[in-house]
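Per-chain numbering from 1; labels A, B, C, D and E assigned in written order.
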């Protein structure tokens, strides 16, 4: 949008929304919505609290471990589906079901199976993100142009070379897109899991804050999570744009 | 004292709630038990049924709640062994619309959960006053119900004494608290698997002793809750609002006999049977139920005897 | 009928000419389903945990709930906020998305906020909904809306924004008005992607409604799950979870079929 | 005729007879943004009823020029006259045939062919009848109810052609209409097109990369220089179009013209 | 030479001299699945050092035949002999040039050209030196560090050609190498290719849709009939390749051959 001849980047429209929030908060329209400025104020005190740091660290650990398994597992799954027809017709169905299943209903069951500790949270991260990574990887492998594969074979590539010198790189843009979506889903999964179980720290904080009507803290915590999710997806988005030039040039 | 500091076993306690000021007395007792060599790990789950599930599946050793229905239905070898607090709930209604129990005919009521003590209480009262609710909906968490009440989203509910204080403080005059007869029933108890209780007899004995000791101390002088919390540095992270509430809350709690001082007896269990059969959580006739099918009173009896002897 | 290489005897599924004994995709899938249930049954007998029922037990519980009607009642309860929420999200989401695709100012205003909502764990806000919208169907509908609408808006916006410039030019070259361009070219052109967005919206809405039923007030399927857990009737709990997964898979699958049937004739042929 | 090929640099000041030239462009310059200079002062006349080809190396601005004539792009300066009147937007007297066909994937062949009429509000019955007649004319009978994805490239382009013919414009603008059609069908299509145009009496402005195609189909060939596109030369191959396609392709004039143009273009290639 | 064009139907029983024909195919039949019959009993010889073109209507099985020769597809029956030995998989004596170039989008021109060598384990230094020499030969000097997306179609195909040349195979298999290159650059490329091959002494099997291209570049043209592909005829245009490209294109033999093939193919078109 242009104002007085200057191009204003779209992100600035967020400022309008934040402004509305601030006004609504100051007018006391709803008691759950404190002014944005006081949320920001709470933000600084929140992030130095040691229970927050412990909670964040614990959550991040589960997140990192889970993502590691989801990424490796998802890519492997995608490659198996992309290179083997039989595997695809079996796995494809399951992956598609789980990718769109209401996993929030599974969370109560997971605790029964994986206990009360970090393991459950790790499993939630994996469960929320692995399917989309597998699907995207599969799409990348599946759509790798036939002539690229044939090129490899005609110049004498063996299976390993085909996989690591051609297929992997050809599928990379889709893999990265899958990882980005997987990360977003994992963050959502962690929040859903912690809200439903309160096993791990952040969920506990959410619950405490909302029970005690501490809405500044509540929004501050939400804001941190949002920023975290956006940060991660932007980072992966950066990587993605680095390989974008060749995602567009092939069929 | 060093002789006591040796390892007496580990116990994992599963709460059906997030940590809050109302757990301070329990955590003090835990800290004292730890001084005597019992290691206690705590997990905080979203709801009581999750805690029960953790005990059933063996993920935790001790649960917090009143799983009468569970014990009767699943035939699980689970027994309660320590009575933590008495049922103290306060039916509340929007003062603009309702004044007495009689007005509640055809009202929409929100309680904690299906089969919960809160539902039981509301149903018992309805029966007693001959009214019929239009619907009963389930809204877990006294805090949530209090919030919804303040927002005018619900008009009739039932809250714990802590939220009652909150409602009185935040919106004086807006709500009426309906009177209920003195009810003698357990709100929260500790329970565990019988095998585990036998295996960890020593550790359980220590924990129960410290619980009773602490409960008695606080019943004698509620202000001790603050000094003991500082001394043992329990729940250092609870919110400031909760810290401020600590003393008044416990003072009032003591004044209404919230904290039984002997950990449960055959008589208190019998009272539970009366209440929970009326409410429908337990099936059958109160007189036919056997204490030993639900409670393992050994540790509490022993500890009371020991402490009384001193 | 003596050689396997002669044309005509091999199923069309297999690409290689000699695969007379190969199983079709459908058969493989059925086998994998049976295998899954078998593994479940066995591990239920082991047992993994006292709270892990067998498959047969779960199915018994499922039939019990089907025959006493409680499952249908529960679905009725669950589908109300779901359909309402998805319907509202679809109406406003598509409207906002189309306006974003057609109008720069609208895009400037809405795009960042929906990108943020899409990328963030908005589920965290569900506990707050109760304070704002109470505990009834409104709150649950709102939960569905906040989860379902970002994906619907963004898909619609992308579809409309990326409307084939060649087709738009074609419409202009034949003196189509702006309205004709929008209604006869841009929207039909975007329809498949918009519909795909609705499908994703339904999937997100399912997550939202279950979450709301578990977090706000237990009704419908969420109530079956949490109530049966609280009284340790684990087979019933598992039956409810299984049924909702199957139900959503079927529903999303049907939407996908409809999408292919009505919007993507080229895909239908290809498969 | 002695001199088979006329070459001339156009002269903007020469008064042209508006009835002889249905389309004229005057002093057209086009910039994309501030630094892509696509066309520089192009002056051209398109004689009524004739076929003019725009030829030149890739990126020289052929498509740009054609779209400016169609009214789909604005000029930076200069103007387009159609039947003596300056125009800046698409009009009923011009119809466009797109390189990549631009068919509606969700519409049948009949609806696609009738789409131009649909946009101008012709009633359903009438436009379907009209579409049908052009479907027959371009040799698509039997394909009426098919969808574009069921057709091969050559057939799709015939649909695009029928659509342009159906609106009954005087001028057909074609941007590399055969580039997505395979070589052999293309050759057939060229012959069919010439035949059709001899019956329909249209003015055609045609963009192509193929020198042979240009020489084979055109009355007038405009050779453009690389970016910024300027007119390099205008060539009028005086072929005897009454002879058979095969004879034309071995005609000395044809071969000379191809060779000459090739000689001119070759220097621009990479 | 009196008779410019030899036409013959191949005879599978004629004994052929294996040293004269580097590649031979015998009785090749190919089904895709059970109902797509792509090729039917194809027998062909490819003389060493010569350029053979496969020509035929779309879908007649040209690509299929070429891929079978490359060892990329299995036959349903029949066999491919390379240097007298039956082969069923790709081998170092054959190199493929792809219609859509098949370049690695993430690799520079140098790495792409050296990719065939990389796969066979040639050390980095050596293969880069070799790649460089072929990059120069196909006229790509200066493009070494560019990525495919930065190149035009014509330039990309030169990279594909250099890659095939770099592995030093005896036989080059080319599937419509120019179809994605624009017409004018294509013509230039044809000339360059002929020149390059006269130096390199390769056997080339070439698929194309363009009759002119086939006649212009080939020693031997194999005309295939529509699906299932069978050999329709084999034509050897005896052109004098020492004359200039422009002269060749107006040579009577050239024009006659084009016309004749066109006459044959035309009947198959839609």
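A few remarks follow.
Criterion: contacts are C-beta pairs under 8 Å (C-beta built on N, C-alpha and C of every residue); 3 or more make two chains touch, one makes a residue touch a chain.
Computed from a predicted model, the values in this text were never measured in an experiment.
Taking the definition of touch as given, a chain qualifies here only if it contacts chain A and chain B alike; those chains are C. By number of C-beta pairs in contact, A-C leads when A-C and C-D are compared. The distance from the centre of chain A to the centre of chain E, each centre being the mean of the chain's C-alpha atoms, comes to 48 Å.
Computed from the mean C-alpha positions, the centre of chain B lies at a distance of 87 Å from the centre of chain D.
Between chain B and chain C, the centres computed from C-alpha atoms are 41 Å apart. Residue positions of chain B touching 2 or more other chains, listed in rising order: 50, 53, 57, 144, 147, 151. In chain A, the residues that reach two or more other chains under the touch definition are 31, 112, 195-196, 207, 210. The touching residues of chain A, when paired with chain E in their complex, are 145, 147-148, 150-157, 161, 165-166, 169-170, 172, 243, 245-246, 248-251.
On chain C, the positions that touch chain B within their shared complex are 49-52, 127, 130-136, 216-219, 223, 226-227, 229-233. Those residues of chain E that touch chain A in the complex are listed here as 67, 70-72, 90-92, 94-96, 98-100, 102, 104-106, 115-116, 118-120, 147-149, 163, 167. Of all residues in chain B, only 14, 18-20, 43-46, 50, 53-54, 57, 59-60, 141, 143-144, 147, 150-151, 237-239, 241-242 touch chain A in the complex they form. If you check the complex, the residues on chain B that touch chain C are 47-50, 52-53, 56-58, 69-70, 73-74, 76, 110, 113-115, 137-140, 144, 147-148, 151, 153-154.
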